[in-house]
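Each in structure tokens, the structures are laid out below.
Both of the next two complexes hold chain A, though its partner changes from chain B to chain C.
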Partner chain A sequence: MKTKQSRDWEGVWVFGDYRNYFQNRVTLQLIAKGRQLARDLGTEVTVLVLGSQIHQYAMEYTAHGADAIMVVDHPNLKNYQVETYVRVVSQLVQNFRPEILLAGATAFGREFFPRLAKRMNTGLSADCVALEIDGSKRLLIQTTPAFGGDLLADIITPEHRPQMATVHPGVFEERIHDHEARARILYPEVDVQAEERVQLIRSKPDQSRKGGLEDADVVVVGGKGLGSKENFQMLFELARLLGGEVGATRPVILSGWAEENRLLGQTGKSVKPKLLITAGTSGAVQYTTGIQGAETIIAINRDPHAPILKMADLGLVGDAKTVLSLLLEKLRKRL
Partner chain B sequence: MNIVVCIKQVPDAPSIRMDRERMTIIRDGVESIINPLDRVALEAALDLKQKEGGTVSVLTMGPSQSEEALRESMAAGADQAILLTDPLFAGADTLATSKVIGSAISKMDPFPDLILCGRQTIDSDTGHVGPQLAEELNLPQVCGVTEIHVEMNALVVKQLSDGFQNTYRVSLPALLTVSMGLNVPRHIPLGDLEEAFSTARVIRWGLKDLKLQREEVGFSGSATTVLRLYKPPQKRKGEIVSGSSQTLAENLIDKLVSLSILDEDEAE
Partner chain C sequence: MKSRESVVSAHHNYLVNQMLAPGFLIGNPVSKDEFYFLADVVLPGESEPKICSRLYDAHGGFILEMEAREIVQNPSGCLRQPFPGGYRIVTPSGESLLNVQTESFANGFLTRIQGKLYDQGGKLRIEPYYDAIQVHGEVGLWLKEPFRKK
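Up next, the complex of A and B:
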């Protein structure tokens, strides 16, 4: 909401998403970053945990650096349901008035936070890759890829509170698990009425995801620079020979050269392989946010000025298709 | 079933030029298209109309030029098109955008049974307008749907979300945002395009046609402000090699060996 007395709003809140706990570390990353932002502001980081029988997560979040945990434990909150969650969190925000509210830019985060921001009549930035405090104005500077991904934008929410952002998974480091850490546990009074208009009939793990891109040690990625669907197919053989997985940029998905579950980047998956080979991709930020975690990047691109070459550990200036077919030839001989 | 499809005209360009002074995109000279996921939403609407009857309306907020996207949608089969355009709408963030679109939809008579949007656009990519419009209109929402089935006064939809395949029953009226994979949009014949561009009627609404105040729309109705835009800093300083494709492939093999992905003794 718009506010003249932004100083009445204090504290950094992180939405605790504990589904797929061991894979989904974004909440832990946000606790670490939120704690740093809170210290810059001279305040605390609080993690919000909604669900049913969720105390184990409160302990985990404490060990990872939260100053306080706000727990709302109710059977109606068992499933992550956008409108029920908006109802609960909007009441808490109104009552406790945090100045900053963060969530991971997961599919749920990106469905839940826009609606929450709208109900609170405040601003929201999407899929941030950096967060910083402007100390003089007590403002959160939210950095997000902009305009097709070639640029970054620093966004502020000058007068409305809370300042809300979803954050790209993998851009911040989590803190080391500390058994000695202590946090206050809060049990706020709140109305937990369930939304009736949307009913979850079934929820099952998506099988196509198992053992996939996110866990691979080697990832080979192709972009539109490969020229055709047939050329893109070479990546599957390369991935097989190197024991890896195939990823794709958005233009490739839009052209129908690969399935959407291979999409890397801002609206797709983030990978952190030991080696990533990227062929015929120019290096738009919307793609590169998904590969920042790679230990080593080898890029092949015809354009010597393509941003991807500067980002790579080894940048090869040449025709991606030709280099790949020669590479495959050499590999077939060896293996 | 009466359906409204919210679309956006976006630049079809891999690299977009910026007006750094005003921090907006320079649209001149860049070819524009309907945002690809909005085409999927339109296709879903046309498909539902064919099965269930009713009407399909397309709606966009944007400069005068975005009328092209509406005409293209009419060529694809939409019955009605509404352009929300006013100099005062410019500079809107998603909060102000959802306000204007919501106000326009509230004005429609009868109120639609279903509102469809693409899950996100390829230019700004926030994915905010769909859920914020649902909130503005107090409608139930499901984002990123990959299947839609019609039941009595309800829809059963599927969604892939964070590694789960979820199936929901949503009562109508409702708002859905759609994902790639829901359908493949039809090809629009040139003749239909020509006809839509010469004869179709596009309704234009400005601020005075909506029940909104000047402070609620555009830049003044927005909560966020862009401080600055800049090229991202390059973090890695690697080696850049040029040469024949043969040389490049050899370089690549050497790198794989030095990373212990390939064994050295296998080297040629």
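Up next, the complex of A and C:
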């Protein structure tokens, strides 16, 4: 929505994406970041929660730092219907006029937010890796990988509101649960008539997503630099010996060397292990956004100028297959 | 766009008028012979709801007075029947007068109250609404802190 009076728009809103709550905690992470942005702007962070019987999420978001919770609790919102959700949220945005609107870059956020941005006639920065406030102009600086991930672009939305961004899970830290917290809670009277061009027949959890990659203390990752699917298989033995899990980059997935649920990075999972070993990966931003929470990174790459070596705590310049073979040989003897 | 507003606690809330609230008061708790219903604030470390009330029947006849976990005046012989997660107050004929049930979440509690409650004039003050209650007229006081009688 184009506006010359941007001060008419105030407040930071986070969309409460609780349907992915146990798989990623991106909503809680965004509340923490949204609170910081709101403080920089001298305003409040509000979490918008849509659904049916969603009281526990209003309480959870209160405990994690929300100043206000806006609840639309209606049986028509029990199942996610993108058209209904877009219509309801656009009514709320037009009425309450938040200057910033954030959501997780989950499967849900990626479908829902572009449609909402189109409806609101405003911009959207997808998969942001950083958010800051330009205090002098009251603008949200949205940092996101651009041009194939070769550079990070700072994007602003100077003339349209709200300023919208999706953020990858794991980029920000959530606040600790405060059971003494209180928040304002609002129940707007909004038209929740469902638009059911598509009907949900049934849903069931994707069992393949139960893997412990996100929770593993040790993660070993392979890139296309490993050269072949057979060489990539060495990572599974290494992970087994170290008690860890195996991750992969996008080129590896596209080559069919590993299942898609092992994908790390901007369009995959984010991990925060104590130790991450990355072999044959160059260090493209699309990948490194998924591993930047690792405590210690050991990188193996034959190119001494590979970006991954600048990010690593310990860099080994050499052929990944050779180094992994030597490492496995040592570990087999020790364990 | 109209909107209703209250305060929500991260620890424990009651569901009233389809809204979350840490506590609320209806009626006059200071008087000795008037209807009141107090759903008091539950502090961190506690999990049981604190309901105090003086209840009347549809004709304005006094039924009972209850404080927290016990019935303190009971001329009509009602019973307090506990069950997992809550309790109910039933008349000697077995009719349920009040039902209080607390749901536990990972880090919090939500109490739902059900009942049809009248004041000393026989006027309906609270009635069931979906899975909780609807208050007739204004809620006297929305509580953010535990209630203290002045």
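Note that in this section the second predicted complex is superposed on the first by the 331 of 335 C-alpha atoms of A that agree within 3 Å, B and C clash if a C-alpha of one lies under 4 Å from a C-alpha of the other, contacts with A are read in each partner's own complex, and residues count from 1 in each chain.
As a working rule, a residue touches a chain if its C-beta (ideal position, glycine included) is under 8 Å from a C-beta of that chain, and two chains touch if they have at least 3 such contacts.
Everything quoted here is computed from the prediction, not taken from an experiment.
When both complexes are superposed on chain A, chain B and chain C fit side by side without a clash. Once chain A of one complex is fitted onto chain A of the other, the partner contacts of A:R115 are limited to chain B, with no touch recorded for chain C. Within the superposed three-chain model, A:L200 lies in touch with chain B and out of touch with chain C [touch as defined at top]. Of the two partner chains placed by the overlay, only chain B lies in contact with A:Q286; chain C stays clear of it.
Of the two partner chains placed by superposition, only chain C is touched by A:H55; chain B is not.
Of the two partner chains, chain C is the only one touched by A:E180; chain B is not.
In the superposition on chain A, contact is made by A:T106 with chain B only, not with chain C.
Considering which of chain B and chain C touches more of chain A, the answer is B. Aligning the two complexes via chain A yields an angle of 130° at the C-alpha centre of chain A, spanning the centres of chain B and chain C, rounded to a multiple of 10. Residue contacts after overlaying the shared chain place A:I69 against chain C, while chain B stays out of touching range. Nowhere in the superposition do the C-alpha atoms of chain B and chain C come closer than 20 Å. Across the interface of their complex, chain C is touched by residues 55-56, 58-60, 62-63, 69, 73, 91-92, 95-96, 177-190 of chain A.
On the chain A side of its complex with chain B, the touching residues are 2, 19-20, 23-24, 82-83, 86, 106-108, 110-112, 114-115, 117-119, 121-127, 141, 145-160, 195-206, 209, 218, 242, 250-251, 253-254, 260, 266-267, 274-275, 277, 282, 284-286, 296-298, 300, 304, 307, 309-319, 322-323, 326-327, 330-331, 333-334. Listing the residues of chain C that touch chain A in their complex gives 1-11, 13, 15, 18-20, 22, 44, 105-108, 110, 144.
Chain contact summary for the complex, chain B toward chain A: residues 11, 13-16, 18, 23, 25, 36, 93-95, 98, 120, 122-132, 134-136, 140-144, 156, 160-171, 174, 179-181, 222-232, 234-236, 238-246, 248-253, 255-256, 259, 261-262, 266, 268.
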